[in-house]
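What follows is a pair of complexes built around chain A, which joins chain B in one and chain C in the other.
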Partner chain A sequence: MAILEIRNLNITFSDKKKPHRVVENLNLTLEEGDRLGLVGESGSGKTMSALAAAGLLRQKNVRLEGEILLDGQNILTCTPQELRRLQGSRIGMIFQEPMTSLNPTRTIGWQVEETLRLHTSLTSEERRKRAMEALRDVELEDAERIYNAYPHALSGGQRQRVMIAAAMISRPKLLLADEPTTALDVTVQQQMMELLRKLNETYGTAILFISHDLALVRSLCSRMLVLQDGKAVEEGASEKLFTAPEQLYTRELIEAVPKFERIERAPLKADAAEVLCVSDLCAFYPKEGGGFFRKKEKKEVLHHISFRIRQGEIIGLVGESGCGKSTLARTLLGLHRDYTGTVSHTAKHPQMVFQDAGSALNPSRTVEWILEEPLRNCTDLTAQQRRECVREMLWLVKLDESLQKRYPQQLSGGQRQRVCIAAALMLHPEFLIADEPVSALDVTVQKQILALMQEIVQETGVSILLISHDLRVVYQMCDRVLVMKDGAIVEAADAEEIYKNPQHPYTKELLRSAGADM
Partner chain B sequence: MKYAGKKLLSMLVTLLAVSFLVFLAFDLIPGDPALAQLGTNATPERLESLREEMGLNEPFLVRYFKWIGAFCTGDLGTSYSYHISVGDMISEKLPISICMTLMAFAMVLLISIPLGILSAKHEGGRLDTIICTLNQVLMSVPPFFSGILITLLFGIILKWFTPGGFVSYDENFGAFLGYLFFPALSIAIPKAAMSVKMLRSALVTELEKDYPRTAYSRGNTPNQVMYSHVLKNGLIPVLTFFGMALTDILTGSIIAEQVFAIPGLGRILLTSIMNRDYPVVQAIILLMAFVVIVVNFLVDLLYQKLDPRITVE
Partner chain C sequence: MKKQSVTFWIGAGLAGVILLFLVIGCFWTPYDPEAMDASMKLAAPSLAHPMGCDPFGRDVLSRIMDGGTITLLVAAGTVLLGAGLGILIGAVTGYFGGIADTIFMRIADALLAFPSVLLALVVIALLGTGEVNVVLSLGISFAPSFARVVRGEFLRSRSLGYVQAARLAGASPVRILFVHILPNIRPVLISALLIGFNNAVLSEAALSYLGIGVQPPKASLGSMLAESQTYLFAAPSLCIFPGAVLILLVLGFGLMGDGLRTGRK
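Take a look at the complex of A and B:
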C-alpha cells in the first residue's frame, strides 16, 4: 500500500484579498521504502507541498484542496488529535537549517526524545535508551556527550544528524527531507546522503527528498518529480529523466547544474600587471577569556598565506565553512586589521560582492540610490552624470532601466545579485572579491550570473578573487585555484591542473564530493 | 566560583564609587546642616561650635573615610534631626518598602506573563487587539496619577480601603498588606503594561522561527509548543526588563508613598532631604544602589540558567 498519496492538491494563499495559488493539481504516490525526489527552483512550491504533506501548513490564510492520504488516512479531513498522532508515529521531517530548527534552550536528548514523550508511555529510562540508539544510528560517535549537549555546541553536520535521529526515533514510515544538505559543506553533504540511504535500506523508511540540486537527487532517489511554478512538469525514473528529459524545462534544469566544464574566454595577457600581492600573511583573532588587567591571547586563524593576482585574472578560493576564506577576504580589503605579513594593492577601489544579496542591500533605498552611493561619496560627478553612470552600469549587468526606481525586496534573487555586482563596479575597480556570489541562487540563475561575471572580466579587465565552496563553479570560472583548509593554503595550481592532477588528499576529497570522475 | 569572586569585587567597587559620589554630591549642594538644625536665628558662635561637634569642619576626604569606615562596621551614623541611629530608622521602615516593592513586582509578573502569552497566541486577532490597545493606554499613565484615580475609585467611592488609614506591620500584618495592595497596584500597572508588550513581541518573534515548526512536526499541540518550547526562549530578552522594573519599582515607591500616605523609606528620604539630614539620605541612597546592583547580579545568574549559550568564565 502507498504510504503517501497526494491527489489533486491545490494550495492557495489568500494574502491581502488576492488569492495566490502556489501548488496546482499535484499528484504523487510514494510506496513503502520508496525514494522520491521533488525538484524545482525556489518558488516552485516544493516546500509548500512537503509542509502540506506533514500537516504543517496551518496558517489561516492558506487553503488546501484535494486529498493527502498518509497511510490511508486523509490528513486534510482528520481531527487535530488524529493528525498529531500521525505526526508522532508515521512521519518524520527534517529541514534545511538544522541550527534554527532545533530549540536553542533544550538539550539534544530532550528534543530527540520528544516524540516518544508525547506519543508513547515509555519511562524516561526507556526513552533515554531509545534516544541513545537513535543517536548511534545516525553515526554520532559521542552519543553520551551529545545527549546532554545543547545545539550551539555541535557542528552543522552533527546538528543535521540530530534532526534525523529525532525524526527517525519513532521509526516513521515516511521521512520528509526539505533541502537537508543545502546549508552543509560538500563533504558533509555526501556523508548525509549516505546516511539517508542507509536508513532507508535498514528500516524501509520511504523518503521524500526535496532539493533544488538535481545531481544530489539523482544520487539518492530512484524517481523524481520536477515542479515548476507549482505544477508538475515531468515525472519518471531519475536516470531516464537525467539522460533523456522529455520536457524543455527539465532539460534547462539539468543543463544548468554546474559541471566540470570551463567557460571559454580569451587567455590572459602574458604581460598582465600584478594587482595584488599577498606574502606571508597571518591573521589573528582574540581568544575567549582574558580580563581587565590581563591582555587577551590571540589565535592565529590564517597561516602564512602568499599569492598574487594579475590584471584580468580570476582566482578561485575553495574550502569549507570555517576554513578562513571570509577572514582572508576581510583582511585583503582592510576590514580585519590584526595581521602580520604584507598585502600590497596596486588596484584602485577594491570592492566586494557578498553571498546574500537580500541582506547586503539597504531595504529602504531604491536601486538607483544604492548604485549612486559610491559616486556620491568618492567622486565629484554631478547628479546628471551620476544618473548617466547608473544607466550604463545597469546596461552592463543586463538589468532593465525601469528597475532603478524599485526597492531591493521588489527584485528577484538574481536581479538583486546583479545590483550588488553593479554597485561593486560603480567606481570601476580593478580588483573584486566575490564571496560565494552564487551559492544562494537557483541553478539556472547561478549560470546566468557566472556568465555575466565572465563577460564583465572580458569587458572591463577587472581581476576577481572568487570565493566558493563549490569546486565546479571555481573550475568553470577561474584561471587558478587556491585550496584552503584550516587557515592554510594546501594547494595552489591552474584550474586545469587541479582538476586533472590533484596533489593534496583534501583537494581529492573535495573533487570527489563535487562529483568529479576520478 | 571564579566568576562569583570577580563579580563580588566589581560590585564592591561600584558601591564604593556610588558612596563617594553621594557624599560628594551632598557636600557640593548649597545648604548647611548645622544651620538647618539651629534655624536662622542662631548666633555665629553657636553655629560654629555645632559645626565642630558634627565634624563638618574637617577636610572632605577625612569626613568621607570616617563615614565609610563606620558604615563598614555597621554604624550608619546618627540622624541630625532626630538624634537617633540611622540604622534603627531604616530598619524600622525597610519592611514596608520591601513588602510594597515585592507585591508590586509580583503583580507585574502575574499580570504580564499570562497576558503576554494570551496576546501572542492570538496575534492579530480581536483579543490581541484589545490587549494591545489597553496596554497602550495603561503604559502612558504615570503612577502618581493612577494612584490618585485608585484612591478616588477604590478608597472614596467603593470604600474598599481607607485612604490614609495605614496600619503598621507589627500591629496587624493582614491589614498592612491589604492597605499596600492598591499603592502596589498603581506602581505595577504601567510596568506590567510595558512587560506585556515586550513579552508579546518576544514570543511572536520566537513563534516565527524554525524550531516551533519542528515541534509541530513531532505532534505537539499549540499549547505544548508555547509552554515547552517558545516560552523559555521568549522570556530571555524580557528578563532584563523585569530586572529593571524591579529596581524602578523600589525607587518609584517614593511617589506612591506620598500619594497614599505610607510611612516607608521614600517618606523619610524626602523629609531628610528637606531637613538636610545627610546621614539618613546617604544611607538610603546607598541601600538602593546596593539593591540595584544585587538585582542586576541575579538577572545575570538567571540569564545563564535560562540560556545555555551564555556561559561565564
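Take a look at the complex of A and C:
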C-alpha cells in the first residue's frame, strides 16, 4: 500500500473576495522507500501541497478538495484527534529555515523528545536514550553536549540536523522536506543530502523533497514532479526528465540551472583603469560582552586582504556564510569603519545591490521615489530632470515605465531586484558590489538578472564585485575569482584557472559541492 | 490608503461622534456651562436639561460639551509633547546607539519606574496647577514609553537593506531617520499614539479627580466625575454621563488602535 496518495487535490484560498486556487488537480503516489522530488518556482504551490499532505492546512479560509490518503487514512476527513495521532506517528517534516523552526527557549533534547512525550508512554530515561540515538543517527558529533544545548549555540547545519532528528525520532513512514538545504552553505548542503539518503535507505522512510533547485533534486530523488502555477506539468524518473524533458516548461527550468558555462562577452581593455585598490585590509568587530567602563576588545574578522579591480571587470568573491564576505563589502563601501590598511577608490559613489531585494527597498515609497532619492541627495537636478533620469534607468534595466508608481511589495522578486540594480546605478557609479544578487530568486529569473548585469557592464563600463556562494554563478559571470575562508583570501585567480586548476583544498571542495566534474 | 478592518471603523465612528459633540461644544452649548441656577440643584434629566444639573444647578450637558473639550485638548497636547520628545529620543538612540543610547535609556528606565500620575504630581508641585502645566507634566512622563517603542523600531530598521541603501545613496542621517525610516514605523506609531491618547485622557481625569488638574469653576470630565461622587446615590446621572462620554471616547480610540494593529500584516 502506498504511504502517501494524493488524488485530485485542489487547494483554494478564500481569504480575499476572489477565491485563489493555488493547487489544481494534483495527483501523486509515494511508496515505501520512495524519494520523490517536487520541483517548481516560487508560487507554484509546492509548499502548499506539502502542508496539505501534513494536515497543516485544515483552516477556515482554505478549501481542500480531493483525497489525501496517508497510510490508507484520508487526512482531509478524519477527526482532529486522529489527525494529531497520524501527524505524530507517520509524518515528519523539516522546514527551510532552521533558525526559526526550533524553539529558542528549550533545549535541543527537549525538542527532539517532544513527539515521544506526546505520542508514546516511554519514561524519561527511555526518551533520552531514543533522543541520543536520533542525534547520533543524524551524524551529530558530541550528541551529549548538543542534547543539553539551546538552538542559538548551534550552527545552521547543526540545527537542520537537529530538525531531522526530531522529525525522524518516531520513525515516521513519510518525511516531508521543504527546501531543507536552501539556507545552508553548499558544502553543508551536500552533507545533508547524503544524510537524507542514508536515513531513507536505513529506515525505508519515504521522502517528499521539495525544492526549487533541480540539481539537488536530481542528486537525491529517483522520481520528480514538476509543478507550475499549481498544476503538475510533468512527472517521471529524474534522469529521464533531465535528459529528455517532454514539456517546454521543464526544459526551461533545466536550462536555467546555472552550469559551468561562461557567458561570452568582450574581453577587458588592456589599458582599463583601476577603480579600486585594496591593500593589507584588516577589519575588526568589538568582542561580545565587556563592561561599561572596560576597554572594548576587538576581534579581527578580515585578515590582510589585498586585491584590485579594473574598469569594466567583474570579480567574484566566494565563500561560506560567516567567512567575512559581507564585512568586506561593508568595509569597501564605508559602512564599516573599524579597519586598518588602505582602500582607495576612484569611484565617487560606490553602490551595492543587496541579496534580499524585498528589504532593500523602502516599503513605504514608490519605485520612482526610491530611484530619485540618490539624485535628490547628491545632485542639483530639477524634479523634471530627475524623472527623465529615472525613465532612462528603467529602460536600461528593462522595466516598464508604468511600474514607477508602484510600491515594492506590488512587484515580483525579479522586478524588485531590477529596481535595486537601477537604484544602485542612478549615480553612474564606477564600482558596484552585488551581494548574492540572485540567490533569493527562482532559477529562470536568476538567469535573466545575470544576463542583465552582463549587459549593464557592457553598456556602462561599471566594475562589479560579485559576492556569491554559488561557484557556478561566479564562473558564468566573472573575469577573476577570489576564494575566501575564515576572513582571508585563500586563492585568487582567473575564473578559467580556478575551475580548471584549483590550488587550495578549500577551492576544490567548493567546486566539488557545486557539482563540477573533476 | 489600505482598507482598514471593521474594528477600526467602529472605533472611528464612536470617536468621531464624541469628537463632533465636543467640537460643537466649543461654539455652542445649550446653557452657559458656568451659570448656576439654585432652583435646578441636582435636577434629574429632563427635556430642558437632558443630562440633569449638578449641585450648583449647572447644566451637565453644557458642562460636558465644554469640559470635554478641555480634556481632549489636554490629552492631545500631552500626546503631541510626549510623542514628539519620544520620537526624537527614540529615533536618535535607536539608530545611533552607543553612549547616548545607554544614558537616555537609563533615564527612561528611571522615569518609567514611577507611575505617570505620581510623576505628574511632582511636576505640578513645582510648576503649579493649570492646563498647560498638566500637559507639560503628563507629556514628560509619557515620553519614555514612546521613546521605548520608537527606539525598538529604529533599532530593528537600522540594519535593514533599505537603510543601508539610503546611506549609500548619500542621504544625511537626519534624512534617513525622518524621511526613510519614520514612515515605515507609522503603523506601530499610530497604535502607540492612540493608546497614549487614551492614557492621557484617563490621566487628565485622574489629576482633575485629585483636584490638581483643571481648576473650578472650569469643568473637565475628570473634575466632573470627582464632584459627582458625593452625590453618587442622590444624582447618579452626574457621574453616568461624563463617565459614559469618557468611556466612549477611550473605547473609540482603543478600537481604532486595535483595528490598525491587527489589520496590518
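Here, the second predicted complex is superposed on the first by the 517 of 518 C-alpha atoms of A that agree within 3 Å, B and C clash if a C-alpha of one lies under 4 Å from a C-alpha of the other, contacts with A are read in each partner's own complex, and residues count from 1 in each chain.
FYI, a residue touches a chain if its C-beta (ideal position, glycine included) is under 8 Å from a C-beta of that chain, and two chains touch if they have at least 3 such contacts.
In this text, all values refer to a predicted model and were calculated from it rather than measured experimentally.
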Touched partner set for A:95, first chain B, second chain C, both or neither: first
Partner chain in contact with A:374 - chain B first, chain C second, else both or neither: second
Contacts of A:75 with chain B and chain C, given as first, second, both or neither: neither
Per-residue touch tally on chain A - higher for chain B or for chain C: B
Which superposed partner A:363 touches (first chain B, second chain C, both, neither): second
Which superposed partner A:84 touches (first chain B, second chain C, both, neither): first
Which superposed partner A:354 touches (first chain B, second chain C, both, neither): second
Which of chain B and chain C A:58 touches, first, second, both or neither: first
First, second, both or neither for A:150, with chain B first and chain C second: first
Complex interface listing, chain A residues touching chain C: 292, 333, 335, 349-352, 354, 356-357, 359-365, 373-374, 377-378, 420, 423-424, 426-427
Chain A partner contacts - residues on chain B that touch it in the complex: 6, 209-211, 213-221, 224, 229, 232-233, 236, 306-309, 313
Interface residues, chain C side, partner chain A - complex: 102, 160-162, 164-172, 175, 180, 183-184, 186
Partner chain B, residues of chain A touching it in the complex: 54, 56, 58, 80, 83-88, 91-93, 95, 97, 100-106, 114-115, 118-119, 150, 152, 163, 166-167, 288-289, 291
